[in-house]
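For reference, chains read A, B, C and D in written order, and residue numbers begin at 1 within each chain.
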Amino acid sequence: MRRRITQIILSTVALLLIASAFATRPSGDDAPVLTRLLAFCDQHFSVWFSVLAVFAFTLGGVNLMKTHWRKVRDRAADWRYSLITLVSFVTVLVVGLAKFGGPPGLQGDVTAPDGWLTGIFETVLSPLHATLYALLAFYISSASFRAFRIRSTASTILLASALIVLLGRIPFGATMTAWLPAPLTFLRMEDLSLWILKVPNTAGQRAIMIGIALGVVAMAMRLIMGAEKGQGGRSGE
Amino acid sequence: MSAYVDPQTWNLLLVTIVLCGLIAWGILRARRGDGIRVRRFAALAEVERAVVAATEAGRPVFFVPGVRDLDNMQTVAALSVLAPVAAQVARRGGRLYVPTSRSMVMEAARDICRDAYAEAGRAYLWDDDQVSYISDDQLGFVARVDGLIERQRPGLCLFMGYFASESLLLAEGGHHVGAIQIAGTASPVQLPFFVAACDHTLIGEEFFAAGASLEGDRHMLGSLRGQDLGKAAAVVAILCGVLLATLAEVTGADALVRLHDAFMDIFRTG
Amino acid sequence: MIAAVHLSTDLTVWVSALLTLMVFSFLYRDNPFYKVAEHIFVGVSAAYWMVIGFWTTLWPQVIVKLLPAASRVTSPEATPGPADLTALAPLALGLLMLCRLVPSWSWLGRWPTAFVIGTTAGYGLVRYIRSDFVYQIRATVGRGLLPMADGRWLWQESLAALVILIGTLSGIVYFINTREHRGGYGRIAHLGLLFMLVTFGASFGSAVMARIALLIGRFQELLGDWLGLLS
Amino acid sequence: MNRIADILVRFESLDRRWIYLVMALAVTGALLSGLYFPDRPSDVVRPVYEHIEALPSGAPILLSLDYSPSSAPELEPMAEALTRHALLKGQPLCFISLWPTGNNMIARVVSRICTEEFPDAVEGRDWVRLGFQAGGEMLVNSLRDSLSARYELDMGGTPLSDLPALASVQGLGDFGLILSLSAGQPGLKEWILYAGDVLDVPVAGGCTGVGAPQFFPYYPLQLVGLLGALKGAAEYEAALAEGYPDDMPPVMRATRGMGPQAVAHAVIVAFILLGNLAILVARRREVGR
């Protein structure tokens, strides 16, 4: 029974939204009830979805606290680090919900320039975010060193296309091929690299896109028809 | 009719009906028990072998189901790969860790793994904390997962689902501890990194098909047949369109131009 | 060019510089400093998301809609309108979602999940068919293989159209999964794979620029704001 | 000769930390030397500039900052250049974001460009901050017919109806251009799928170098133009400098970043080539034996 209700909710919501994409926009109160219902769903479901996204953040936050609290309570390995997570979580939560700093009381925007949350964002979150990403600069250099080897036709193609795009993006590449005469200018590095992006890259991307679009349609159909096992396992039902 | 259906959308409606119809037909036929075979994926053949190798070496298996929520089709597909993988690991008595970045995904993954261990008669080996929620923030998530990989030293890392820039961070992290790495994603942006840094990669739609071929799930197989018919339709449509467009452009004949316009009206945009 | 070191006296600059170095230390190997940074990050970011979600979305979309007077709390000059009871629906769904926190009620959490999945599936289906299927077929067909202008044959456009056509079609063939890649058919599929490798190489090359840009950003802050070396 | 070959062969199994060190030194050196190279706009970047130039005066532009601090070094220069352009040309600009970190990213651009460089510009008339709301593509979807479905007030607490900048705007379709600077999902793709293709409103955008190749299939049918990576930003700065030579700072942010970029790219290319040379040498030796 429980499982059936879940399935009914899913299928109904999905079918209503699919139908709403093709429905005539209701104009005035004498429009058919069906089109007005579909317009209502189209308008409100995406708002409800967004609200649920916030509840999901909350669920995530509470789960995180549960996990780390348990570690601290049981003095599990590395529990001191978990304590750091707990403290930073609670601090930011209090600072943010109470809107410390910034305009008086709860007024104004939570991200006001002189608010404490903005301070934490700029001094802690922003450098951590940016530096973790910057690690990628190192990783991508070691990965390209490792991955771009001439082993087979396939890897040679991968290498050639990467090198042309790499060189096309910097002045060095342009200088290298600037001597090419007029009829051959399309072979100049910067133009060649744009051509690769615009032509063969478009073809490859498009094949992937069309495949994925069909994959999305199929997944949606399986979900609507109740033929998808992936979501949620089988226990507890 | 136009009181209900927006006449501007007839062509889109037609394409939608055809595609959904093909897929529904595939699923319904499979329900009646039509055998469908999926082509062999090298990446999947490796999974089983790698699970054995990792377990024998006493090293755990990491399964990362992407960084998006259950509303993302790729996450759903990842979980359908997780089910058979969990079963394989459970049968060999190995350890499986599933770090997640969304709480709903965590709940779903816990259900799947608990079931798999129970079905293998090894419920005593399972601890719910092996599926953990880390952070909704993708970088907070990847920072922690890379740390975990470094410390737990898995023998096999599976990265399945939607990934963003964390793909390379994860794959280089796994490579550093010498894990066998198998990835599957339909995020075109991240495929290059997985292709370059992992041992095997399921590309785009292969990934959606992977769950089906592992589980032998009839519904999945049926919808794959439908999808393939959809692809064949796309090929035919493009070929017809190109032929008509080329002939119309070169000859300029009135009939051809009108035929071309009528045909391309199905793919009208805007 | 290279000025003398002028260390910053701003505490916030020091904090962010130290956090930056703590993360970079992972490049050498895992260490306690990195672990501290990692755990701060996890806590701060989870709470930041919750706070932002609460004030930007939950507050206006649920609380103010149900209790319009609440809008005075954040902007005193606002004029509250009538209550909008449709906001009860997402609130109810949200509370059901939180039921997952209580093991014996967690099954109730599947209903909001079903709503979320249903919404994405419903919207996604049509949007993907339109943008990534119909539009792409139209774009591939374009003006055919022999586009002309003023009676002249545009050979460069022609070549591009041909390459895109071959690449797209063979790529689609590669993704047909219910048929083994053998014989002539297999060769077409293989050609599709080669096209995708060009795509992946191009993506990789393009990504290098993205990653280096981030590194430059960090170094600018370390060398400029913290050490005062950049003019 | 043999010694060089020996070194090369050992190079093949180089500890990755050496690569990291060389990269770090190269970028530091390039930054300290302060070199840069001017650029010219390519034919995927120019249409964005020309579209804004061709907009009727007063037509508002929606600028969605869909990134977090992590990708800011790439996308913030684009945001700054586009904001500059809109304010110079007199198109009201409406800031929005699909990413939770967006409000803080908007604050940075507003303080750096809107208030600092354009002291005469007024919030509400020349620019508007709507800010972030949760939902990603669902946010885009719910704004289609009316902005007030989601935003009753702007970030400063002013009701939307009191903002002259948005006087001509009901829903997303009334913008002269939708711009998304996107570091991933949700971002430019969602704006194309849920706004551009549905409403026939022109969409353009910028994205990180990682995302750029993915958007080429949409160009030019579904996408006016694309600023890809720091190079795209530098190209846009070049277009601006060409069109408004008197109002621009001499060297803008992205252009300045292209110097270290060039050096770092050269280092990576060198490593790739040396790695392959190492393989060739090793292979030849094996054959020799």
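As a working rule, a residue touches a chain if its C-beta (ideal position, glycine included) is under 8 Å from a C-beta of that chain, and two chains touch if they have at least 3 such contacts.
Because the structure is a prediction, the values reported are computed rather than measured.
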item: Chain whose Cα centroid lies at the greatest distance from that of chain C; value: B
item: Result of counting contacting C-beta pairs for B-D and A-C, higher pair; value: A-C
item: Separation of chain A from chain C, taking each centre as the mean of its C-alpha atoms, in whole Å; value: 3
item: Whole-Å gap separating chain B and chain D, where each centre is the average of the chain's CA atoms; value: 29
item: Centroid distance [mean C-alpha coordinates] between chain C and chain B, Å; value: 17
item: Multi-partner residues of chain B (each touching 2 or more other chains); value: 12, 16, 19-20, 69-71, 73, 76, 103-104, 107, 134-136, 139, 143, 165, 188-189, 191, 193, 195-196, 203-205, 224, 227, 231, 234, 269
item: Residues within chain A bordering two or more other chains; value: 18, 21-22, 45-47, 49-51, 53-54, 56-57, 59-60, 63-64, 107-111, 121-122, 125-130, 132-133, 135-142, 144, 146-148, 158-159, 162-163, 166, 169, 197-198, 201-202, 205-206, 208-212, 214, 216-217, 219-221, 223, 231-232, 236
item: Touching two or more other chains - residue numbers and ranges from chain C; value: 23, 26-27, 35, 37-38, 41-42, 45-46, 48-49, 52-53, 56-57, 61, 74-75, 97, 100, 106, 113, 116-117, 119-121, 123-126, 128-133, 135-140, 165, 168-169, 172, 175, 196-197, 199-204, 206-209, 211-212, 214-215, 217-218
item: Contacting residues of chain C [partner chain B, same complex]; value: 23, 26, 29-30, 34-35, 37-38, 41-42, 45-46, 48-49, 97, 100, 106, 109, 113, 116-117, 119-121, 124-126, 129-130, 133-135, 137-138, 140-148, 165, 168-169, 172-173, 175-181, 196-197, 199-201, 203-204, 207
item: For the chain B and chain D complex, residues of the former touching the latter; value: 68, 139, 162, 164-165, 187-189, 269-270
item: Residue ranges of chain D touching chain C (in the complex, touch as defined); value: 17, 20, 23, 27-28, 31-34, 70-74, 100-101, 103, 131-135, 137-138, 141, 150-153, 157, 159, 192-194, 197-198, 208-210, 212-214, 217-218, 221-222, 228-231, 257, 260-261, 264-265, 268
item: Touching residues (chain side chain A, partner chain D) in the complex; value: 42-43, 45-47, 49-51, 53-54, 57, 107-111, 113, 118, 121-122, 125-127, 129-130, 132-133, 137-138, 140-142, 144-146, 148-150, 159, 162-163, 166-167, 169-172, 190, 194, 197-198, 201-202, 205-206, 209
item: Residue ranges of chain D touching chain A (in the complex, touch as defined); value: 14, 16, 19-20, 23-24, 27, 37, 42-44, 68-73, 101, 103-104, 107, 111, 131, 133-136, 138-139, 141-142, 145, 149-150, 155-157, 212-214, 216-217, 219, 229, 231, 258, 261-262, 264-269, 271-272, 275-276, 279-280
